[in-house]
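Have a look at these structures, which come just after this line.
In what comes next, chain A is part of two complexes: it sits with chain B in the first one and with chain C in the second one.
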Partner chain A sequence: MQFNSTRQAMAWLHTWLGLILGFVLMVCFFFGALSVFDREIDRWSIPETRFDPQPMPSFDNMLMDVFSRIEPEENEYKRQMPRYHDSDAGPMTPRTELPADEYWAYTTHRDPVLRMGAGFRVPFPKDPESHNHIHGEITIDPRSGASVPDNHLKIGSEWFYPLHYSLNINWNFLGFFIVGIAGFFMLVALITGVWIHRKIFKEFFTFRRDKSKQRRILDMHNMTGVVALPFHFFFAFTGLIIFIAFYYMPVTNTMLQPLHNMHQALEAQQQGLPHERSGIDAPLGSVDAMVTEAKRRWASRDMAGEVGFLQIHHVGDANAYVSIYRAGSDRVSLVGEGIHFNGVTGDVLREDPPHGISESIAEFLTGLHLQHFEHWFLRWLYVIGGLLGCMCIATGFMFFVEKRKQQHANAGSQGSRIVDAFAVTTVTGMIVATIAMLLANRIIPGTTEGKGDIEKWVFCITWALMFIHAVVRSRPVASARSNPAWAAQCRLISVLSFIAVLANWLTTGDHLIKTLITDTYWAVAGVDLSLIASGIIAGVVAHRITALKPVRDTETGEVVYE
Partner chain B sequence: MSDHSATLWLILASALTFKAMVLFSLSLKAHWKQVLSAVRNSTAGKPHSQRLKTCGWILLVLSGASCLRADHASMAVLVWILLISAAAFIVAMILAYRPSWLRLFALPIFVRR
Partner chain C sequence: MTKFWSVLGAFAGGYIFTWGFISLMVAGPVYAGLDFHSAEYTAFLLALPVFLLTFFWLFISRQIVLSHTLIFGSGALAIGLSLWLQTLMLNSGA
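This part shows the complex of A and B:
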């Protein structure tokens, strides 16, 4: 590759990296933007949980019982048990008889339901030194303690949210690594983008809609990229930071495992928190009393707050200890101000000290991305930032195609046709799949076996169909015209959005007049209103695209649109 | 800080950020012409870029201060930066579709004589 200038080299890098990884980044940005309201989407998709957020319920009166109901997850048992268990030492314990070693419960200011989990010990382990846990989870209604049925998928927090950092490809963590690479090159794309942009400040507000289509698209690409540049940069960067140990330093779980274990034991010893079980059975003291004491200590530090995370280690053992963390709803940094109690006596073992400057910066950066704070206005600003990112990436694809399609048409190349079909799939196809999933969620009866799995399939199959549709209708692009799939899929988004809102009304009785005025419930009203907004915008866009008439330029013979 | 007054401070911050972005855009000749030539029988004149920019910065600092009044500093920074992004995008869209709306911001003191 021969470049005449640095700028040209940067443009080359920006174009090709952007093209290849843009498809992944589009998923990250779009589902990241939806994840800002993942809990609210959960409420929409599981009508049984449409009630107000609840504080952590009483441990002694309710949670203890619920914990004892949790069972190890079947698939995890099948997969991990043979790995952990040493069959020479003793018989394999049946799944439901594994002894619990660890309990946790987690809630936020946006959660009506409470997520709880348990880690089960494996008797006769191959490696007694390591953390041989098999896990189980349960979600309950904290008002009654009743569990929310397992077949109900939390579409927001268990599908859209993991999609934005793992693409939901869990095989060998492949999806995580693809997103990691994409996030890294997002930073490269931002830097090269700024480099090749000639007039950042002069064209800061520029969108010349009276100019050629190619110019308009490039203007929009530049403008959405530049005005939200800090957002784009910080989200790519902090996303990488959150997974940094996972991406770049996995040695602590491989080569350096013994050192890692030793460090953990040493740290526990320094903190006065028992690292191992003692082997002596002992009953758990009153956790409610510990919660009261923790709240008192937070209040005395002028940080009064609710419990966000509660964890019990070495359940049923004399070495049991209870860690109580504060819900971080009033600041950006994710700080738990953890207080640790002796599980049997209830004495305070340790209070996490205030963090140093580097830890504080790290907490701010991860907190900025994970947003546990309570600030609705900022949440919406995050959505706007995310959608500006999506616009930037989408117009990037469009510009790639627009710039080349005439040359490709003249040369008989299929290049822009293929890129355009992929662009249709990742831009409109992704939205169709998302809304189709929400619609399926409302249509499939709640009692259906494996309801969540069907919803996942609806999502994947719809998306695949949109890809096929985009490819089948892509022929005009080969002669430098537009793919009619853009407008068709926009129309589909529009229709599906309105049907989804209607389906929500019919299946739950929650229409907008109720959720907005008579019995206000913002989580559901917000999802409905967003669907209606998407429906209107997609409808207008479809109408506008269809109204564009291709005109052959009489002088150059190129196809232009008016 | 009560929720109510925090909301008011955030509304103020939004208005100030928007206005700051409008002034920054007017300090650019192309946008100045766009805004003023959309009105019939008016001579666009030239923008007093220095004044527009100075006023824009003052408003931006004030909007930052309003954010600080509403929230903990760490959160205020995020609100402020994202407000700037959102306001800049809105101004760009108004410039493209309804430039005459911004005419009332082109005060006489911003015209270079």
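This part shows the complex of A and C:
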């Protein structure tokens, strides 16, 4: 060990890993906090979907027709078809003629719209044992069955939500791995943070506003870290648990895959659910009758509720079966109490039994992270916890800069300047990019081709511009002064927030008096109010930063702010 | 720079050890007759604490060669053992 003591080693780990991976963690915490209300942000960004959440509609009368409208996704077809198809065995089936093999529909207690999808079989596959599916998706208004235009991006659930676990970098799952490593070192930073701050209980209550700027920042860093310590720990831990088996340590999907396959086949045999198609065509029975029976069985187990997920396997085949899962919004654990029916006769094939201890713990931890439960107060606590995490990381950056900038200025080093520019980009720059995206969403007409893609570009370009701005304006940091980009970007957040609320009113007619009082719609009112709150806070912060006057300490010669 | 290599060594050692730990925690109990998924869930739930402990131990260890040899070696041994158990189970079909 190259340290004099374990505590020194812990402090080094905390400082440097916290700094390097803090930029990624900031993204995870901020967009994780926004994801708590991803469906509500979707409603704000797609005005056509601003109506009340709906239960799963009739399969027999509506969904079956909608499923027949779903087509395999064009890009996925181009990308995957040559990989799945064996050209020596037979001709390649055109995209729109691929036969459906699997249907699914998914909704939650917060979704007015219904997401549906299909998996299409590839005839003449290279590897018949593999899951050779090309997928297609559609989102509908469950009241009428009409499709929601597919050029509209669900900004909450399809952009902000995946940003917090994959950074939206899907190339070879690179984003997942970066976030995974950052999540692991988040746990390391929390443990080392507790290790180096021995007086943890005292720090819970300590904020000395009359002390120096550096001391105040450190107090704020400690306080926001300690006050939500269990939250930070379980979110990093459960986030890693969700993906560990799939991406981070896929032991049973790689090295022990043969053992996994053997047990899967045995399990399928025991469960009585057909693993393969029979090759004999058969019509689908009444799925509505199966849903009624599933609800009756749940009610008899004192778990009455709506259907959350419905899946049909081996569509159009004699081996078809229908799996129906509860929308488990009345509990933390992510369990569906699935009931599986013979797709042709409607007979119950299997009811999922209660799970063992370790599976139940994993389901509880996953449910705790994904919060499918119906509890608005707890949702807001999640948002506050996420934002406290952001504050903890942001004050960590600021403390790093404050502690070293005089020393770096004396030595002619650019270290503090670089860190400060990155900090501005990840703290205020990220918020500017987020609000710019929402604003673009309201300004770009709904009929514009590729509207969602343009919104993504607005987000990325704005963020890049904020980085350039932060770098260009960071010169004073090299002389131990503050970066004016902090105040400038706060002002921008403030202005954009109010314009976004105004743009929502002008383009949809949904102003706050309407969404709060005359025709209450909390999803839109909540986003508007959050934007206004952000605008006010950012404005106050910008004003206070600008009011600070740099003066030179007569004793130490350091630049301080009064 | 040596500190950077210490972090990398501790991370790689912790990762390999945890990979071996998971594989043995799945293959061992399944060989002994436990349900595959129960063994899998248990292994993955314990994996992160094991990874963290190994990482910290390697990073703060003063006997670098000994600690790294022990962790990398036991990780490799666990992987070898679990592969052997898997072969036994596949051959017996149980």
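Assume the second predicted complex is superposed on the first by the 545 of 562 C-alpha atoms of A that agree within 3 Å, B and C clash if a C-alpha of one lies under 4 Å from a C-alpha of the other, contacts with A are read in each partner's own complex, and residues count from 1 in each chain.
Everything below uses one rule, namely that a residue touches a chain if its C-beta (ideal position, glycine included) is under 8 Å from a C-beta of that chain, and two chains touch if they have at least 3 such contacts.
Since the structure is predicted, the reported quantities are computational estimates derived from the model, not experimental observations.
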Inset, instruction - Check the residue A:502 against both partner chains and state whether it touches chain B (first), chain C (second), both, or neither. - result: neither
Inset, instruction - Would you check which partner chain A:388 touches, where first means chain B only, second means chain C only, and both and neither mean what they say? - result: first
Legend entry - Contacts of A:208 with chain B and chain C, given as first, second, both or neither: first
Inset, instruction - Check the residue A:373 against both partner chains and state whether it touches chain B (first), chain C (second), both, or neither. - result: first
Inset, instruction - Mind working out whether A:237 is in touch with chain B, chain C, both or neither, as first, second, both or neither? - result: second
Legend entry - Which superposed partner A:282 touches (first chain B, second chain C, both, neither): neither
Inset, instruction - Mind working out whether A:356 is in touch with chain B, chain C, both or neither, as first, second, both or neither? - result: second
Legend entry - Which of chain B and chain C A:465 touches, first, second, both or neither: neither
Legend entry - chain A residues touched by each partner, larger count belonging to chain B or chain C: C
Inset, instruction - Determine where on chain A the residues touched by chain B overlap those touched by chain C, and list them. - result: none
Inset, instruction - Within their complex, state which residues of chain B touch chain A. - result: 10, 21, 24-25, 28, 30-31, 71-72, 74-75, 78-79, 81-86, 88-89, 91-93, 95-97
Inset, instruction - Enumerate the contact residues on chain C facing chain A in the complex. - result: 2-3, 6-7, 15, 18-19, 22-23, 26-27, 30, 35-38, 40-45, 47-48, 51-52, 55-56, 59-62, 64, 79, 82-83, 86, 89-90, 93
Inset, instruction - Mind listing the chain A positions that touch chain C in their complex? - result: 1-3, 6, 9-10, 12-13, 16-17, 184, 187-188, 191, 237, 240-241, 244-245, 249, 251-252, 255-256, 258-260, 262-263, 267, 356-359, 361-362, 365
Legend entry - List of chain A residues in touch with chain B within their complex: 202, 204-209, 223-224, 227-228, 230-231, 330-333, 364, 367-368, 373, 375, 377-378, 381-382, 384-385, 388
